[in-house]
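There are two complexes below, and they share chain A, which is joined by chain B in the first and by chain C in the second.
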Partner chain A sequence: MSNSTISNSTLSESTMAGASTSGIPIPGIFPRRSLGTDLLIKLRQNIGLVTAIGLFCVVYVFYHFAHPKGFSSAVFVQNADEVFTLAMVAMAQTLPVLAAGLDLSVGAVMTMVGCLASYLLSGAAQGTPIEFSFGGTPHILATLPGGIAGIIAGTFICLIAGTLAGFFNGCVVVYGRIQPIIATLATGAIYIGIALFLRPTPGGKIDDDLNWALTNSLQDFASTVHIFDDGNAPWFAPFGTIPVPFILIVMIALLAWVPFRRSVTGRSVYAIGSAEGAAYMSGLRIDRAKLAAFTLAGFFAGCGGLFLAIQTSSGNADIPQAGTYTLNSIAAVVIGGTSLLGGTGGAIGSIFGALILRVISFFFRIFDIAPLLQPLFEGIILLAAVSIGALRVLRVKNTLELFR
Partner chain B sequence: MVEENRSENAARQGDFLILSDISKRYGGVTALENVDFACGRGKIHAVLGENGAGKSTLIKIVAGVVQPDAGTMRLEGEEVRFPSPSSANMAGVASIFQELSLLPDLSVADNISITSPPRRLGFIDAKAQRRRAEALLAEIGCEDVNPLMRVRDLPLSRRQMVEIAKALGQRPQLFVLDEATSALTSADVEKVYAMLARLKAQNIAILYISHRMHEVEALADRASVFRNGRHIETFDWGRRSTGEIVQLMIGRDIATQYPPKPRRPRAKPALKLENLCWEKRLEAISLEVGAGEIVGLGGLDGQGQKTLLLALFGVLRGVTGEIAIKGKPVRPASPAFAKSRSAGIALVPEDRKTEGLMLPMSITDNLAIASLDALATGPFVDRAKERAAVEKGIARLRIKIGDSKDAVSTLSGGNQQKVVIAKWLMTEPGIILLNDPTRGIDVGTKQEIYRLMRELADQGVAILFYSTDYDELIGCCDRVAIMYDGRIVRELEGVDLTEHNIIASALNIDGAAATSATGEAAHV
Partner chain C sequence: MKSVLRLSGLALASLLLSSVATWAGPKIVSGPGANPACFKPWSAQTKYFQWEKKPGPYRIAVVNGFVGNTWRIQMIKTAKAFAEQPGIKENIKEFKVVSTGTDVAAQLGAMEDFINQGFDAIVTIAVAPDGFDRIIRLADKNNVVVVPFDNILDTDKVMMVNEDQKEMGRMSAKWLINESGKTSGDILEVRGLPGNSVDRDRHLGFREVMEAPGNNFKITEVVGNWDSGTSQKVTADALAVHGHFDGVFTQGGSDGTVRAMIDAKHPYVPMSGEGENEFRKQIADHYKDGLKGMSYGQSPALVAISIKAAISALQGNVMPQLISIPIPVADYKTLKDGENYWSNLSANFFAPNQFLPCGVTFTAPEIMAQSESNVK
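And then the complex of A and B:
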């Protein structure tokens, strides 16, 4: 009796696996191509991302229920503004982590670019000299075109500055053969130094329209830049309440991350984090991929700094803030399902990691917890959030797998 | 004599790959010395030699992994230099190395197309890549692997097939296989043979390195023997007998391959398993291993043999059933417990590079690492005791080393494996679990390991020995338990212990026949 059930199960497995060519079923299931198994495989491989998305949905819906003005456009806009910079810095951190490194300079790059933006995006009239004072004497740096052209030029310069900082990190790591963590500790100090040089004290200015257009709803954006009948076009109405920062995150993810993920260079970054020796032996261009990873990280961090300056309408070389952003970026990456060992995960997960971290801090506002206790609670909640990712450990039956 | 060798070894007109006067040194160690070597198209050219003979270095030079210190390399008459693996790939050289070069976190499809993925608009075309993976896997008869799966989640034998598919996908002119079949099941090996025959018919040059003589015998058209970094001789296959070849390889005579098995009554079981189950991967395993007995685990790869060893070593959680050591029931909850006095188990793991050794640490550190408790006085390691124990271990296994403070990664594969074994012998285990300990190891070291196993058994140690090599199981074991689908289907001993019986049980032919027969009977 028991014998026949055994042979039955073996049979069904072998039909699933397809009869092997030798005609003898080899047990151990290798699912064949079919939509169901493919989906299952994908799901299992992206369990970190799926968990992060699920967790975010739960806490965010809960937040809205608890919030007196929950599910309103104003709350969405405010949340999106507050999450944007961390989301960018977390995306930045993802790339070096995927290559089994760590970038301690992302917060510094963000700060540096923010300080730069507070000069370049002031929206001053054409020909106004950009001055900055250091040691008491004012210096004239350059003059920029005014108006919209000036803002576009300033944005470009800021993003290029961030990208260059990342590229420099990459050069130090690749050509200096220095471990990323120590290389970026040093370059991060340099970037903070530049930021302090630019803004010894907080200050500067961001064009008011730019600030208004990018930190509010799509409706406000349209009315500021005078498109779609100042945002009153009937077809535009359903989109009007979407926060602009949200659109920007989606755009940056789609235009920068997704192509990178699908490029040979992006694949190489994953390969390096997975097994650098094997990647080299497969004839991949290791140096180029690492350089690209750090450069793109600089770009993302630059985006974050740019937005932070626009949002706060000023530049501030705030050293503790830079450090906090760097550390939170690592937390967001981990919560988002990217392994610190490299090779698995992705920037989309990190966005959700950043979202989760931010939503947690939103709770302090609505539950009115004493601000002095905030770090304590944040720490505990962060630990709990990271532990969710570690829960799989409990299900691992082969303890050897824990050490791989 | 020398003259004669020269003419035999010299490059022949029309050879595809010609190496002239190649030398390579690593620090003070000479890996290759003035080597002339040539191989032609449409031939399978076996490269033979013990570990440390220079085969791996030769292959690495051809594959662009290392650069020779001196000498020239010509491919189809033109002088070439390969500063990197990718430049060798570009010139049409595809290699499969002893150490797998797959990326564990990437999917099978990603891995197969890693060097030059199909692209659309500059981006990797995931669908085309998948079709390509499916086609290549089908070409080597490995359709049962879903290309979406991560390499990490595949068993070793499947990984090796993926590696072969990856190399095949480069459509090479020169195909180098370095121990490419060491983890394959016999069914897979057949598929690889068929693939090699096809490549040969396509006039592709093939370099084949294997420690399995029967594979070389089945495949080789020509063979070159290396010893101590020198090219000893190249000959058409068949011009030398196996005995002569072995002698060329080791430079000394080996009388019997396996030490004789003593005839003695079965001792009291040192290890007794009853109804051991784990996660559907082990089902009702009952097995006894007597003190002084070597019991083999056979069968196709991935039928639960390795899982069983891990379960005994306390690596798996949720194992049910009884484990008794010297009559006392134990429940190993961790490797730390398994090696303790109360259990006295040692496991020589499957992958010496990740599970057996800490490669950057010194030979001394590696040898002492499992027995630090015994070598310590209070919380501190007793240097004098450690040195004495390490020296004893090195002497016992005749490990060839320069200095015991060198990193263990500087040793050859065979000597590294000896370090793993010596490290466990230092814990004075009563039960030794061996997980394919001779994989990718030269003949000489293999024989030393066989002799050592028997020696340990004679001293009363119980040995449970998993091997993918049937020949080895027959030669070494007093008894062999064949596993299929997580259960022991048959135990063979004495005259029943034959290759035919092992293969028949491994494929569970008897079981299948029996069930179909009962099925028919039921219908009648």
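And then the complex of A and C:
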């Protein structure tokens, strides 16, 4: 395929279906537009994302007004901690969904990486031996160094494990030619099996400072790792209250998602979701894009598992929890404006989807709602949130558009 | 997030203040504790805690994890009813109950939220035995009393309330051995929800006795998730594969296990199980045919005792770190209609609900008959 047409940066995700490689003008889109129209079109194309952000802002500001300690660093930190893992898993789920698949293994990958992290991130001064016992005899594979170096190495190993799991999913889907939902159901069971093998009972240890530094505000982070005068540098003060998990989400989104989204491979994923046949006929590398989508999904899920382990200072091969995360990730993806049919949406929307999903339950802590009615309220609000995204149905001029 | 920046100055100041504040939390003192009839220490080695006395009334939150089975619903109803009882009501200014599902991050978030809201005590069923270090640290810093019960934590830094799960397992094993009079045979073990401490401890206690030297039992293990339907299914599967068992130990969903045995025309054998009313009815109906049953009970009223313990701790009383609640046991010899089971009631619930030394006076039918609006 020719790179020049497909990398035209004005192409937005939802128009990918109509994009062709031959340079034929696409109806409704012209190469040069005024900035205002440009913005308007972008807005319309990302209506799902915009709705999600708007909805989140309204609900979240309301929450803070109702909270006795609203708008304080402590509450922001608490919320960021709570949402981080779900946001990561939702981002992970977004990629297979964009390619018109579903990944039922995201919760399992998260759990597996979490269990792995509970061994590798203990921060023991004498280092962490990587050993496994087979037939009663222990085999030492390698020894991680102690202290910071060991933690960094352990983090890398965990993220690689997640990425590999995602890559394996991709291989099964692409080369095994198995439907993603079935393939990941099976691989998910494998990952849970590995997690149970690693942690038959909950436990393990994560370095205390690592736990404290990553689950708090930047100020605490700086004082724990002794940078910027232990966080007392004057220029640092305005940033001190920002929660570390928030920074991490922004970094992961900017450094992993955005470049991927802009790459040819990334846009191929959208094309596959819109019309796989058309994408194939256009000469896009379908296999490579699918592999990349699942691999990146594994990476995101791995980030989530790593953080969950750090947050809880332990690893737990909790099967119901893995299932909950998988299910919630799908919900977050939908609330965030990504279509389950594939082709439109994005991981940023899913982050907001995860935020909305969490904020709804925040209210039960503030308002007096009968405990046994809480799931009912949660369901109604969720349904409403999803319905807002579906309002476009009311505006379509031609019913055929619904089948897009 | 703009608001973060706007309010950063103020928040930073409070943050600095909080970070230089001394490490609070309970003092470790020597016993005996207050009201030993109700707050019985786990063992002679149990430490005693004392928090600084706070003026009442208090704000108390119950952070439940999973919700959706009878036990949890009965627990929530018991909590609500207990908070309205005279003697307790005066001590509570605000009472909240939330359920966060099986997600540990959500539970941690909810607990931290209540700490931030300035609640005085948080009563909780932990979704995992580990992972609450950060919350304990924050709670100690803010002088909040955290009381895990039922699924408790693997730590000795918080005050906890439970029945001895290992002892339930041991008790059940002894019962099966005594009733069958044998030291060998095929035994079915129906386990609970995998991954949490109650399931693990009951299992370990059971195995400890069954696998003691001199015994030669062949134990088949299935997972019933403490749920009647699941237990019935997995028991039916096990019966289809193994044909015959000499005894059964189930951690919950006990009535489902019995029903599967009836359906498979399996002869009645000695059995020990949970405190479901339905199971107790089955024992009463069939013990003459061989269903020599023992029913131990993890009572949903543990939540009431935990609330009471939290209030007592906030009042500055000396409290044991680990509070042991006696296991309510009934067997086919001691079952009495209208007292520890109710043959006329068809709704399933957990029969043991009264703990008179702790002032928990309502019976299970009283709780379960109440609608949510009545309790409020």
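What we mean here is this: the second predicted complex is superposed on the first by the 346 of 404 C-alpha atoms of A that agree within 3 Å, B and C clash if a C-alpha of one lies under 4 Å from a C-alpha of the other, contacts with A are read in each partner's own complex, and residues count from 1 in each chain.
Heads up, the rule we're going with is that a residue touches a chain if its C-beta (ideal position, glycine included) is under 8 Å from a C-beta of that chain, and two chains touch if they have at least 3 such contacts.
What you see is a predicted model; the values in this text were computed from it and never measured.
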Chain B or chain C, by number of chain A residues touched
C
Output check: A:Q45 vs chain B and chain C. Expected answer is one of first, second, both, neither. What do you get?
first
Which superposed partner A:Q78 touches (first chain B, second chain C, both, neither):
second
I'd like to know which partner A:G343 touches here: chain B for first, chain C for second, both or neither.
first
In the superposed arrangement, which partner chain does A:H64 touch: chain B (first), chain C (second), both, or neither?
second
Looking at the overlay, does A:N316 come into contact with chain B only (first), chain C only (second), both, or neither?
second
Once the shared chain is lined up, is A:Q219 touching chain B (first), chain C (second), both, or neither of them?
second
Is A:S263 in contact with chain B, with chain C, with both, or with neither (first, second, both, neither)?
first
What residues on chain A does chain C touch that chain B touches too?
none
Using the touch definition up top, name the residues of chain A that touch chain B in the complex.
3-4, 6-7, 10, 17-18, 20-22, 24, 26-28, 30-33, 37-38, 41-42, 45, 259, 262-264, 267, 270-271, 273-275, 277-285, 342-344, 396-400, 404
Sites on chain C touched by chain A in the complex:
1, 3-5, 7-9, 11-12, 14-16, 18-19, 61-62, 64, 66-67, 73, 76, 80, 96-106, 108-110, 112-114, 116-118, 127-134, 154, 193-196, 200, 372-373, 376
Taking the complex as given, what residues does chain A use to touch chain C?
61, 64, 67-69, 71-76, 78-79, 81-86, 201-204, 208, 211-212, 215, 217, 219-220, 223, 237-242, 246, 308, 311-314, 316-321, 324-325, 328, 358, 361-362, 364-366, 368, 370-375
Show me the residue ranges of chain B that touch chain A in the complex, using the header's touch definition.
65, 84-86, 88-89, 97, 99-107, 110, 114-115, 117, 119, 122-124, 126, 134, 141, 143-146, 148-150, 152, 155, 158, 166, 185, 187, 190-191, 278-279, 300, 302-303, 310, 315-318, 334, 354-355, 484-486, 507-509, 511-512, 515, 518-519
